[in-house]
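Please go over the structures that come below.
Consider the two complexes below, in which chain A is the common component and chain B and chain C are the respective partners.
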Partner chain A sequence: MRGLWPIFKREVFAHFVTPLAWVAMTAFLLIQGLHFFLIVQHFAGQLDLSADAGPVQTYFGQTMMLYLPLLFVCPVLTMRLFAEERRSGTIEPLLTAPIETAGVVLGKYLAVVLIYAAMWLPTLLYMLLLSRYGEVDWHVVASGYLAVLAIGAGYLAIGTMTSALAKSQLAAALTSAMAIIGLFMIGVGEFIFPEGIGRDIAGHVSAWAQMNDFSRGIIDSRRLVFDATVVVLPLFITVRAVDAWRLE
Partner chain B sequence: MKPRARGAGPAQTPLPRQDRAVALSHAIGVAAAIVIAVFANVLAARHYRRWDWTAEGLYTLSHVTEETLTSLSAPVDVWVLSSEAEPITLTLRHLLTNYRAKSDRLALHFIDPDSNPAELFAAQQKLGIVTGKSENGHVVTDATVIIVRGDRKHYIGADELVHIDQGAEMRIRPQVEKVLTAGLREVLAGAPVSICVTSGHGEPSIDSGGDDGMAPLVQRLTKSNFRVTTLLPLPELEGKDPIAECALVIVAAPKLRLSKADVERLRLQLLAGGNVLVVTGPMPDDAQKGFVSLGLEPLLAAGGLVLRQELVFERDPERRASAGQGEMFLATLLDHPSTTALRIAGDAVPIVVVEASALEPLASAAIKPVPLLETSEKAFGMANVFAWADTGKAPEPGPDDRHGPLQLGYAVELPKTRPDAAHGARLVALSSASFLAGRNWSNPQLQGGAFLVEGVVSWLASKTVVLDIPDKRGRPPVGLQITEDVLQTVLLEVVVALPLAILAVGVLIRWRRNASEAASRKPKGAGAASKKDEEPS
Partner chain C sequence: MIEVEHLSKSYRGIEAVSNLSFRVERGQVVGFLGPNGAGKSTTLRILAGFLGASSGRVRIAGFDIVDERLQALRQIGYMPETSPLYPEMKVREYLAFRAELKGVARTKRRVEIARCLELARVSEMAGVPIGHLSKGYRQRVGLADALLNSPPLLILDEPTAGLDPNQIREVRALIATLAEEHTVLVSTHILSEVEASCSRAVVIAKGRLVAVGSIDEIRGRGRPELTLVLRGTEALVRATLSGLDGIASATVEVHGDTLRAKAILTAEDDAALGEATERIVRALAQADVGVREVRTTTATLEEVFATLTRDDMNSATTDEAAP
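So, the complex of A and B:
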């Protein structure tokens, strides 16, 4: 796919040389650190007789603190992808360059996915800390990170789409935050709707339910299909939107 | 789709018709993608798979559960009445979702008694359960899970779902799958199958618990829809002999000699098409000078078997227990329909045997019994145990002793007595009384013996396997061994040190970039200046 690699490199490089990126990462780790510490404090010296509800499961699947950064970090990471290029006018040379639209979109998208994964990477240290003071099932840790990555990949795709559709960074960030929070809130309907199709749909799209599954080490094909849909569909729309600009 | 030409003239203004066509093509493309995405999700929701990544396989269903679920012929409803705040609720939800993935005849209903009192009230009326409030205000019910098929109901309490080993190191063993599958089987089962256990010759009572009692086995069989009763010896019998009603008779490790009449009664039951399980081992007499002759020879001979009067010693260091002289050891399981269920992912469950004799086929018998269990080649059967016991030496095979591999269990099926019978009479003989001991059902290291007995009972009674769901490997209670000081260190590490380290990396990168930018600007400026100087004025 022509253009993917240079665009990917450019985006990753551009991100990591801005001070804002490191400040955001520091803030993210500060929130995650507090989240983790509260969990450690909860389990310190306490015996929970459940066989599968330890600190790892709680970290990945039992508190809102995991989702809050997800809901806001993804729009912030993606808002500048296209909106900023349109504002500053740098989109013109990009669109007239001999590269494929899909290459441009995927290059930018994969770059933010990598940046997102890099933000989570230091949290592996939390798991190492846990293994020092208790038993850690590393398989469950792997499935927890898989879920964080899968859900984040979907949210980042939504952010990429809104960045391509909005005219300013702020509009892109607000739109994607609203879309992501909306999707998240539909999932919360799983606990509100009575038994029936409404609850089934809510349960299917629920990030909470997915984290509950994956944080226990259960990989569910329904969740993976839904995540793949949330990645592919917005990216497809993004490609069409960028194509439309090229044709203008 | 061609790009419109850029440039001056009429081509600069897009043609409205082309515009519409492009917009329409985009809209159709997006609509088609949305439709495909919705269909993919509907399909995925109907046909899904779940993989268990936990190291202990906490959510991996045993083949017995899978077999039970795939054979569901009628709808079964499972109601879970447990608060979302309870950790076991999530465990139940995950496991039952895995059950549901295997059979769409299973309908799951989760009710949180704390947040859905109306649904709880409806369930109370429908299922006949009692509710109350705990000290912390949570609504509790007398049953956490109710399995319903038609008008048959099975109730499971919260205390049945997890077993806690109270040892030096407390360990938790989840029992959720075991009790759920037992409940499913109970509501699915038809009339119970009758099992009669011999008595009156020193056999353990079917009600006796503890390590040596038979109660754990009886409880397991009862949960699998067997009705277990005691078979009195002939002299104590009043009225009609109930043996004809027994689908299976278990000769349960007698310690005293059976009367000829009692043995003949069992032999005739076998020859008439009945099924018999003989569990017996070497039984020293009161004087410790020889083995008690239990008088079972005619019964075993009817199945083409003979029980040796000897004590088996295992000498293979990898198979014998470190304690003792080799009378406690691991036996090798052999292939037979009754032992199939004992293989987990291709590996046989270890079978621990304590004090066994050996069995062998009668040379003159027309039928060929199939061996179930054997020792290693290094084992031997000592005939004169009592003489050796006085020497205090390690056991060594003498000239009269037989060498391994020695067979400790046989199964045999006799020819059909009636043409319409599903199969002929079946006899299984196991040559150690330890197989019936209650400890096999309570100690996970000995559960191979329990599975063997259950598999054999299932084969003899022609039923699907009894509950041979292995216990999950226990784990310590969830919790962290952290002191207040360590907690402070963790706080410093995760809330202060790690974010600051990341910030420092950012500052370093920025500083290096600034430095490299400054360096790249300098030579450029200098170069430009010198070039300017060289230019002619």
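So, the complex of A and C:
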């Protein structure tokens, strides 16, 4: 797709010169570090670890600390993408280059996915650290990261969409944070709704339940299909929104 | 190269361009003229595929800007009005990014970027972050970008806005050299710019076409003026002039012991002007009026522009448009 690769490269580069991005990433790593420290401290007192409830499982699946940061990191990573180009006017040369809109949207989106993945990379050190002092089930580690990536990819797609729809970066960040929290809350419905279809749906879309499953190495393809929907649908809307600007 | 048919564009109900039609042929350098708010940028944005028209159609080198968007865009090097650029990128990095977007082959990129940097006279700023550049240099980076990949058509929206007089002269000279290889449509509200570098002009006001043609044709839209210094009685001169064909209006003033008459003629070309002058002078001589001086002046492009675009427009706008 014409335009995807140069836009991807520029976007990654632009990201690393944005101070707010560094703040968000540093905050993210600090929270994850603290999170890990608390888990290790908790498990340090226990001698007998069951296979289902080791530190790795807890890290990925049993605490809110893992994805609460996602609620603010994803909107901060994506808010710039389109809102800033519209504010500064650089969208004009961009959209008058002989490239496809889908290339623009995907290039920008994949850039934030890469940055998001890179942000998680240092947490692999925790896993290595654990493996030096005990058994680590790498299958569980892999499925844990897969879930983190799959859920994040959806949140980033939502953020990309709101950045194209909102007039300012701030509005983009706020609306995507609200959408992500909304999605998360539907998942919490699993614990609130009475037995029935509502509860089934809630359980199906629940990021919490997904992390719980994947942190035990249970990879449910239906969950991945849902995650893919949360990626594809907002990106599709983004392409349509960018094309619609011409008609304003 | 450009075909615009019945183009209209409204912004939330307010019409910025209405029923505009014109053509630009391959190889022409056309000035796109109009006072502030005339709809120049709006039209150019539609031509460059950034905005969609409310109605009408645009073809670039035969490709429809909506239905054959990518083919049409490949023909165009577009420089938007304020040259919006990414401040964090260095000039060379930015042009490398743009060259890649425009599909310049990897192996040719270095040479192509150097060529455009040179043409737009920004080579010495190649390593400077765009955010640190002055407005004039940013305009030139925008120009270098438009030149990348040598598109057959250049659409430049006020390329000299914000430049100092030396830079303006350089850019005009550049446009003149570009004319050899490119078709150029350049918007401006500075008339001397059009006279200096364009062979033709399209003039719009309030979103409507008011004139199109060669610079001479447009200048010809203004009425030529005959100034005479005469000796005789005011009444006799008035009577003589009022009996002649080819005079739209005339004024006579007394200056000491001579008279000064100004006649606005209806002549539309040089031959008619000469013929009318001859007739007037002969009639005055026959009436025994002494003719001491005869001067013909054709309207300047500025005067024509002012007349063409003044209609129901406040004078402040026109003054600004025709300095």
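Criterion: the second predicted complex is superposed on the first by the 240 of 248 C-alpha atoms of A that agree within 3 Å, B and C clash if a C-alpha of one lies under 4 Å from a C-alpha of the other, contacts with A are read in each partner's own complex, and residues count from 1 in each chain.
Keep in mind that, in the parts below, a contact is a pair of C-beta atoms (placed from the backbone, for glycine too) under 8 Å apart; a residue touches a chain by one contact, two chains touch by 3 or more.
Computed from a predicted model, the values in this text were never measured in an experiment.
Trainee: Would you sort A:Glu92 into first (chain B), second (chain C), both or neither based on which partner it touches?
Mentor: second
Trainee: Applying the touch criterion given at the start, work out whether A:Leu30 contacts chain B, chain C, both or neither, answering first, second, both or neither.
Mentor: In the superposition, A:Leu30 touches chain B alone.
Trainee: Contact-wise, after the overlay, does A:Val140 reach chain B, chain C, both or neither (first, second, both, neither)?
Mentor: A:Val140 contacts chain B only, not chain C.
Trainee: Please work out whether A:Arg246 is in contact with chain B alone, chain C alone, both, or neither, and reply first, second, both or neither.
Mentor: Both partners.
Trainee: Once chain A of both complexes is superposed, is A:Val17 in touch with chain B (first), chain C (second), both, or neither?
Mentor: Both chain B and chain C are touched by A:Val17.
Trainee: Which partner, once the models are overlaid, touches more of chain A's residues, chain C or chain B?
Mentor: B
Trainee: Regarding the shared-chain residue A:Phe193, is it in contact with chain B (first), chain C (second), both, or neither?
Mentor: Once the two structures are laid over each other on A, A:Phe193 reaches no partner at all.
Trainee: If you lay the two complexes on top of each other, which residues of chain A touch chain B in one and chain C in the other?
Mentor: Common to the two interfaces on chain A: residues 17, 246-248.
Trainee: Which chain A residues qualify as touching chain C in the complex?
Mentor: 2-3, 5-7, 9-10, 13-14, 17, 88-100, 246-248
Trainee: So in the complex, which bits of chain B are touching chain A?
Mentor: Those residues of chain B that touch chain A are 1, 3-4, 14, 22, 26, 29-30, 33-34, 37, 40-41, 44-45, 48-56, 58-59, 84, 87-88, 90-91, 93-94, 97-98, 109, 115, 119, 162, 164, 170, 172-174, 472, 475-482, 486-487, 490-491, 493-495, 498-500, 502-503, 505-507, 509-510, 513.
Trainee: What does chain C use to touch chain A in their complex?
Mentor: 11, 45, 48-52, 70, 73-74, 76, 78, 80, 82, 84-86, 88-89, 97-98, 100-103, 142, 145
Trainee: Inside the complex, what are the residues of chain A that reach chain B?
Mentor: My answer: residues 16-17, 19, 21-23, 25-27, 29-30, 33-34, 36-37, 40-41, 43-55, 122, 125-126, 129-130, 133-135, 137-140, 142-143, 191, 194-195, 200, 204, 212-213, 216-222, 225-226, 229, 232-233, 236-237, 240, 243-244, 246-248.
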